[in-house]
Amino acid sequence: MSLQHIRGELPMVYVNVVPVRVDATGQVTEVGLLLRADDDAISRALIAGRVLYHERIRDALIRNIEKDLGGVALPRIPASPVPFAVAEYFPTKGVTPFHDTRQHAVALAYVVPVDGDCEPSQNALDIVWLSPEEAGSEEVASDMLGGQHTLLRQALAHCGLIA
Amino acid sequence: MSLQHIRGELPMVYVNVVPVRVDATGQVTEVGLLLRADDDAISRALIAGRVLYHERIRDALIRNIEKDLGGVALPRIPASPVPFAVAEYFPTKGVTPFHDTRQHAVALAYVVPVDGDCEPSQNALDIVWLSPEEAGSEEVASDMLGGQHTLLRQALAHCGLIA
Amino acid sequence: MSLQHIRGELPMVYVNVVPVRVDATGQVTEVGLLLRADDDAISRALIAGRVLYHERIRDALIRNIEKDLGGVALPRIPASPVPFAVAEYFPTKGVTPFHDTRQHAVALAYVVPVDGDCEPSQNALDIVWLSPEEAGSEEVASDMLGGQHTLLRQALAHCGLIA
Amino acid sequence: MSLQHIRGELPMVYVNVVPVRVDATGQVTEVGLLLRADDDAISRALIAGRVLYHERIRDALIRNIEKDLGGVALPRIPASPVPFAVAEYFPTKGVTPFHDTRQHAVALAYVVPVDGDCEPSQNALDIVWLSPEEAGSEEVASDMLGGQHTLLRQALAHCGLIA
């Protein structure tokens, strides 16, 4: 039984993270986006990853943030496990704003302030920090795949930052 | 002691409501906007009003929805009193996305499905029902005052409807 | 590849529903609990069920509510897909307040007002409507399995109903 | 025009804060309660205070936390201004679970992790840190006034910590 096989049978549990820098009043000052190289094209992405069997969502958040931002990012995992949004990625386009050719994934999405140094690791070429205005722009949206710009804008809206 | 005088001394408690039509799965199909004529100009607006002394937020929601949509709108007040957003209207521009020359108002914002007939009453010329896409457009945004288009987009984002 | 096999390998996506009756102001007046007979014992339960492959959460909510309350319950699925809580059921006790011997399930939990007639179907013996106070009591808690009374109390708290 | 006079005419905007200690995964490990001496009796209380004219909620949170925990508590104000609960304190008992003889106050409630040293200041005799279980107990509830134990339990429920 392969993971690839199961992916055609059941929805997978994911976490999506929008890493942010905040000031002393908690206001978001910068949004972090990963720069990825997939299939010859450069794209911007949120932190995303599976929740493993017998893994708490909190632990999946820590693990996936470390995977993409390194071990000294000092993420502030929220005290409440309630996500700000649920992104339903479908293998078929148009069912929801979210799309993933590989699978049906249900992603719980969180805004996570990070205080420490962030270093791109594994698949990411770089981490770029943008102002909330830049992050919500059409230009950035056009560099994101699978509808993640929709989730990014939902995050900005949740933080009171969308114009 | 006049209300006008107090408005220069204390923040006022408001409710803001985004009325919506939903289908059987709860998905928002239409967003209602009021057409108002203020100071020679036509603008689009959300339902807004004060919470009165000794009035529960639930009752303020009902009262203000009836004021703007009439008595047979059949609003579905949420079971939870937690707002999807808090809009802080300041008399000074630029402190937050929200602005009200008359006062400092803290508005608790709710998305409220309405099932019944809606008739404009009092200050509203008309109620227009738009698709979520239209409601979130730049064109509609330019017809709204005081930053209410920001709140409208926050509502769409909360309902998973922003692109 | 059997479902039973996968259940030992991956977390499953579930929905949990607390059905409620509300008054005209949206205030919860009654909470519905299913009466189930499992393994010789009678227990009280929330509505629960899997999200299927290529099924939206909204559609999973409708389907599972119909399964347990019948086809004329007229559920009011929320306009926003954000759950009030995420219940992580682990096959091992003590990791979270939630426990399921069969699997690791991540359940998105919703409070859903129902307006129509509810009839127990399939596994449920009956549906009992309790006041919020009764629903939150120790007596009811002792009749619920897998930590569901914790989720029920979270729902009451979310609706401002816990004492 | 005195504040006392206005308090009989209009609802006041408040913030309520549940200060917590969290571990690296964001899980709440301790809840902070203020020990107050009012009218000969000792009571436990949450952080509470008015939002001033032309003050953002974020700034009111900082100011009121500093007032009660001192200047080096290092509070982590949430990135999102959406409260986990809205507590409506009425001068009359029984309208809501919340009661304040002086006024009608609408309090936006937040769970705020604090990292630094906390020192009681002004009205508080001491700050006591309790486990979530202790904080939610009947014993602690009986030491709290105006329904604040209800809000405390709502906070615990929101963080997935209520049994």
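Labels A, B, C and D are assigned to the chains in the order they are written; within every chain, residues are numbered from 1.
Definition applied: contacts are C-beta pairs under 8 Å (C-beta built on N, C-alpha and C of every residue); 3 or more make two chains touch, one makes a residue touch a chain.
This one's a predicted model, so the numbers in the text were calculated from it and none came from an experiment.
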Worksheet item: When the contacting C-beta pairs are counted for A-D and for A-B, which pair yields the higher total?
Response: A-D
Practice prompt. Nearest 5 degrees is plenty: how much rotation brings the CA atoms of subunit B onto those of subunit C?
Written response: 180
Worksheet item: Hey, how far is the Cα centre of subunit A from the one of subunit B, in Å?
Response: 31
Worksheet entry | Centroid spacing, where centroids are CA-atom means, of subunit A and subunit C in whole angstrom | 28
Fill in: For subunit C, residues contacting two or more additional chains
56, 81-82, 84-86, 96, 158, 160
Item to complete: Give every residue of subunit A touching subunit C within the complex, in rising order.
Response: 1, 5-6, 8-13, 51-57, 81-86, 88, 90-92, 95-96, 104, 106, 108
Fill in: Complex contact set, residues of subunit D against subunit C
85-86, 96-97, 150, 153-154, 156-158, 160, 162-163
Fill in: Sites on subunit B touched by subunit C in the complex
20, 22, 24-28, 56, 58-59, 61-62, 76-82, 84, 111, 113, 158-160
